[in-house]
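Each in structure tokens, the structures are laid out below.
Across the two complexes that follow, subunit A remains constant while its partner is subunit B and subsequently subunit C.
Then we have the complex of A and B:
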């Protein structure tokens, strides 16, 4: 069921900043009428799947160029160590070895650092700064460091050889003279006085410290509150484990002085821009190709040093150079996710009305700052789906001797959703409220929309309480007691966890679409997003098909080649459908305007008198008509290009409920049911959105139950470096999900799109944890940290038993 | 990672001490040791082959004796580099006391540290492998002294 977006009324409490809502005049397009939709909203099967499942995908490692050679990296085994010297002579003696390059060589050749722009830059992102209010120092990300290695796995030299095996053997013989330095891997340890320092520029390792909200009002509200609760959580570090490890192939053409890089990523345009800057070449001299991509989840959005290294090496050696990461390298040096320490406090009145909230969030960015998106996104959403009048947040980002973190599947939002939902549950228990009633009493209501939360984020639209009711109905909430009894009869402990969520989808603000209709009726759309399994070739085609009233099959989406795609923000932050949908709709309108002009001239009638139906302009009161392909000729094809800049975030939201059964003897956990209602705004293709939600849930459940980039603090070593040690969700350990899509349109874009997929992940950390705690509550367990393995459950039960014994024996 | 243990050795303390300082004995006792050269005073160079889980490595490194209290105790420390397999460092404090039956009571306290692939891939096996290796060292040593 689709609800109309609330028309912006003058009496809204929230004063909306300029540029927030979708501007019909500037966009030259109004909200799109539902009557136009034939394909939009339909579960059209994915056009790309036949290619992908029949082995005709074009993944990076599938490409080869004659004469290619291979790169292997020499990586630091230490978390923190000075490089006193690198001796490549033993490596260079081996047959087939073409070169060994170090950071000193890179510096001599004038290579620059990767120009990461970690501070989110749209008008509506929260402002993160250094403690002194200035732009934060991010730690220059050179392709190879010169002074020291700052995390285990950091590449310090690259070996190029004629085979992969020879390159790897030679890398083993590069002799690095290391001087071990003291290290720190935990962010709370890193900010303690006297902790090992990663960068001299940032003596206390704190690169960002920003305050949001109103500290005085929050303090006052806490002082007068009837109830106060407080909790501390660590949201563990995980990694994306993309099924296709990162890979790249660099080819240099001496004649044209141009390089071509085959490299799957989250967006080829960024790769081209940033890598050209690293190499110090004109961006036009670099072509980046990113076709099929086997998983991204954020890890592939930023530039990797290996991509720059092989481009550089191929230019020096005048030979193509290939790099494909091993699974071990992926575990160690793919950009990782999460790792947030948070302390949260909530003040309530005697009726359970939320009065104020405090949060102290410390994000571990790793050895360099690649992205502050997780901290930033989370900062805007600390109050979750609830109306909390005042709040105060301290947001800090901290360097440690670990791999850099980056936005990962629903950047920053699962962390804060976990914190607020667990805090609400703690408040309910400690203050004696029913947890559902407490949530209901405090949810932001539909008539408060657009709603500005206590740290300034403006939630665009949504019916939060309705989501919760729908999810509880879907889950058959009243049956819980009977199911619990049934489980108990089988010797199992049953628990249920519910979480409401709201998340923000912002992302890079600029997107461009080019649409051309050929004389034979083919529609080609060029767009700068980059799918890695999201089905853009289908859902984008549905949008253009409806706009132009053409069949979906006629529409081809072209992406991933920077010689064709000039502008584009890539795929991250749930931005693709919304940004691409909007700009494709605008470009379609431009194309129809041009076609109408041509048709009018052809018919000799005023263009505005023509009707557009079924892909053709019709001359009223006659049987004459001209299709779009009729109006496109080889010499003057119908072709338009439109660039759109859109800053306003959207706030997908929903409710998810998880049920677990725990065997108290073996401590084995089974997820027995999972239901969710996700408001994605306008849903273009429910089949794809459901698929994305399912994957998103599995990914959130994975973090809650198995996944963990475990780091041994004493040695600084990451000790889960293979699929043997890093647990992943699998088809046989998650149930079939009951998901429902809600569509409350967003007023920020013409199609009313929010975002889908990440909503599966956002509440899942909380739902699983709350379900486990619900199951274990009768045995005295009140806290458990992720990943919730059987061992953790066993430990929690053992300490609860011990505590009970101590209570019994005074 | 820490391991502690003790062995009752049926030999007088002077003999046990002598063997603890004898490169040939150490070479026989260090599991996987292929070469041990050098001297007690200048330090030893060692080549040790080991396999931990999926990781196979040849370590080249130094073996040093520190904090030597004649006839009583020393710390034997090894640090080895295994190329891409990573590195392994370990210290064992070894103490001798006279046992009542005329033999010697040997107690040890081992601390070990690993890095690189060994830590990442062999992580879950490291504890048991390290215990096995230190047990093996002292079992062999006891056997070597007693024969």
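Then we have the complex of A and C:
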């Protein structure tokens, strides 16, 4: 199953840009010998768990500094309202209140906007631009706005007081003179002429409009096609609901003029860089600490205004300032996810061969643009796992009076996977093809790899049809008919949904590793990724242990302190194992080269004559050997650092199958079976990867069945503002999963890694929806939107009954 | 964060009453599962909280003369696990065991739930269907007089619910469809049979909170079978509506739960 990277390189099917395939020579690492892998591939139990489950985690709110005071925010109750004035006097009269700051104060102090860089910028990302082809206007993200609030919950003033309760009491007394403005919350509404305008710079609210693919060839293919199908979908808006709410503690040391920010995030280095820019200070004057993080899923990757506000306040007041969001604040103002309207069309020939595809994607970025990653990622993967020779895509991003959206677990990919898989199923039904046969006929085949899709993305490797066959075997596909009969005998409707997926992991291109071996045999690795439950302390240690032929227990991973970690892209887009694995492999090679040089000098033999075995350099002529720790001294420690820049994306892929049973009377829905095969490239730790798959599936199922940031369009208010109304997946909602890991090595990096964190989520929206539609098809239901709650099923059945009645009436 | 308040933990009913009267704007607190979240969201700001958790008169579960009496401060977990309850009215034990999650069941109390009269709470349906008598610090109130609309009861300010005396039925059943987010009842029906008389109480569904479905009772009193309810519907216009269930779906669910509770007597049924 596994292929050596070298083998693939000889079989390029498409012209590849330079630097795409990994080159061992150029990277100065030498060949990686699989036989040295003792830890890689093993289900090593997570080193971090004992600490985390015995209350020794270091989460942000666990930190306190003497003299700390607290911040509370004054937030907009309106989706769109002009700020005519802010009167803090009643708040300032309360005891213990230290300050009230507004946007005017921030501007006077020269604070800048958060320098979000929303346009993905690796060499392989699709190019998103404004309608005129220029860089898009993103809406400056000031810490506090001075002109108007653009979404419910937007902070317009911050109150600092000596206790949290006093800060909150005072925040209620800040008097904001509001002038309500007309608002718009849905992106399709927002692009209609005459819709309320959020930013004068973007009169039609459309900040991005880009075309990809070949419009003429696509039109021609559609014109001559035997079959054409078309569908419209909305992939609903969700939020991360991290167990640990976002929190920060800012401490200012006047003597050194340095600030320290304790703030869990998706990567401390970005937080430091961007917050220093907001404050207008030298980045060296800001230290950011991000240790244990209680959930991220993308929501914590970007800077939050509260972090800047408390840093600023702590410097002005020369007091430490803390902020911990309430669950209500998290629901309103955590960066949210998804929210894509998509219209897709597929052209097929008379045999079911896909000929062409059209897509029109409209992404709701919220009140200002924090990230275009969802739109960008989705654009590159519009054709999914299928060979569709030509395609044309219009990708638009639109401002609305809602909280900003951000990359959310598997940014952009579940959206387009949902669209293509539903479209394929619709095509099968409308044109009379078997849905599995239709998929099989059109899947990108293993011998087409590397495969360039119709919008230019280069799929690195994979055996898509094999994934589908394996998943169907795992699911016991031939038993479906019998299981359906059994369910029917119990009064239940059984449905099965299958989805193939391919996703791209790109992410920030630069990563750095520092590795040091101490004289007592401890290996310390400093790396710039940021786990929030992914087990980096274990899987990274496995890689370094094998590279240095040391025990995994000897390796410690250090991350999250910007005074130690100078460079690093953080954790997002499934980048961490691949980027860290690659640069740690490179740094290990550097370390071994230096150790070899030292050993050669010690033995007085040419370094290249030494053998390296079991963590020691051995002199062939004698029985002498020197371990890495022998070669490290207090005065000359064995220590290296390597920075690597890597742009080529990888394309994790797989197949997932969901089975549901629906009670047609109560409309209750139960997931009774779930199988998946996920090609993650080389799997470093199957225990961790399976955990990621399971969590990813639950998260995708959550969106498909319950989760929804429902917004009342007339008031602009979020309806689901607490866990009473925002439904989450629970342990008793999902069955035991049947997951299998496939390992088709990627030629783009030395270990052949793809990614394993998002593949569970990517197809789950589609599998659940298709399973429900399969179950309800006999009753005449052809469409249902997410989240598929019992209420939605009841409505769908009622509509289908009504339609059937009308058909019967002559 | 909550507004500031004073906390009292009296050990007798009279002391609790006194504390309440002497405070500017007091609230009793039992399990606190409605009050505390409300206070945390700054939607309630009592000056004083008077805890009912330490008062012996509010505790205990006893059976006498065809009546199962449960102290108002008994937790859902203790009701669910009580032999007296499981032995006499297993549907009531099942109901208690289906409230919230483990943590909620070990803090939340029957008295708190009944006195609060949340329109989606479980206990009010059992109180109505089991023709309970509500004992208070001042008097005894019949179930039919107790519930007076959403979050409203016959309790006067300062009056404390002390125990709930359920009439032990021949058989009873409770069926519930849960809200997928909160797991409160989207709709639920408690159906109890006393000889030829049947009582049906619906919770979760109506805009006005718990109610007796008299049409269903009439039919079931003549023919105690799910089939007897065929074609009987609730008026959609009287139902509650939110993002989780429309009026029509709630009316459908309430009727379905009633049929299930008739079919499956002697237990809790989760749809």
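Criterion: the second predicted complex is superposed on the first by the 797 of 810 C-alpha atoms of A that agree within 3 Å, B and C clash if a C-alpha of one lies under 4 Å from a C-alpha of the other, contacts with A are read in each partner's own complex, and residues count from 1 in each chain.
Criterion: a residue touches a chain if its C-beta (ideal position, glycine included) is under 8 Å from a C-beta of that chain, and two chains touch if they have at least 3 such contacts.
Just so we're clear, the structure is a prediction, and the values are computed from it rather than from any experiment.
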- May I ask you to decide whether A:165 touches subunit B, subunit C, both, or neither, giving the answer as first, second, both or neither? second
For this session: Figure out whether A:714 sits in contact with subunit B (first) or subunit C (second), or with both, or with neither.
Result: first
A:528 contacts which: subunit B (first), subunit C (second), both, neither?
-> neither
Across subunit A, the partner (subunit B or subunit C) reaching more residues is C
### Task
Identify the partner contact of A:120: answer first if only subunit B is touched, second if only subunit C is, both if each is, neither if none is.
neither
**Request:** For A:332, select first, second, both or neither according to whether it touches subunit B, subunit C, the two together, or no partner.
**Result:** first
- request: Go through the superposed model and pick first if A:790 touches only subunit B, second if only subunit C, both, or neither.
  value: second
- Task: May I ask you to decide whether A:798 touches subunit B, subunit C, both, or neither, giving the answer as first, second, both or neither?
- Result: second
Q.
According to the stated criteria, A:727 is in contact with first (subunit B), second (subunit C), both, or neither; which is it?
A. second
| Counting only touches as set out at the top, which of subunit B and subunit C does A:412 meet: first, second, both, neither? | neither
Subunit A residues where the subunit B and subunit C footprints coincide 168, 172, 328, 710, 719-720, 724-725
Within the complex, subunit A is touched by subunit C residues 1-4, 40-42, 177, 180-182, 184, 186, 242-246, 248-249, 252-253, 256, 271
Residue set of subunit B touching subunit A in the complex reads 53-54, 83-84, 86-87, 113-117, 119-121, 123-124
Counting only contacts in the complex, subunit A reaches subunit C at residues 164-165, 168-169, 172, 326, 328, 663, 665-668, 705-706, 708, 710, 719-720, 723-728, 789-791, 794-795, 798
Interface with subunit B, subunit A side, in the complex: residues 75, 77-78, 152, 168, 171-173, 328, 331-332, 710, 712, 714-722, 724-725
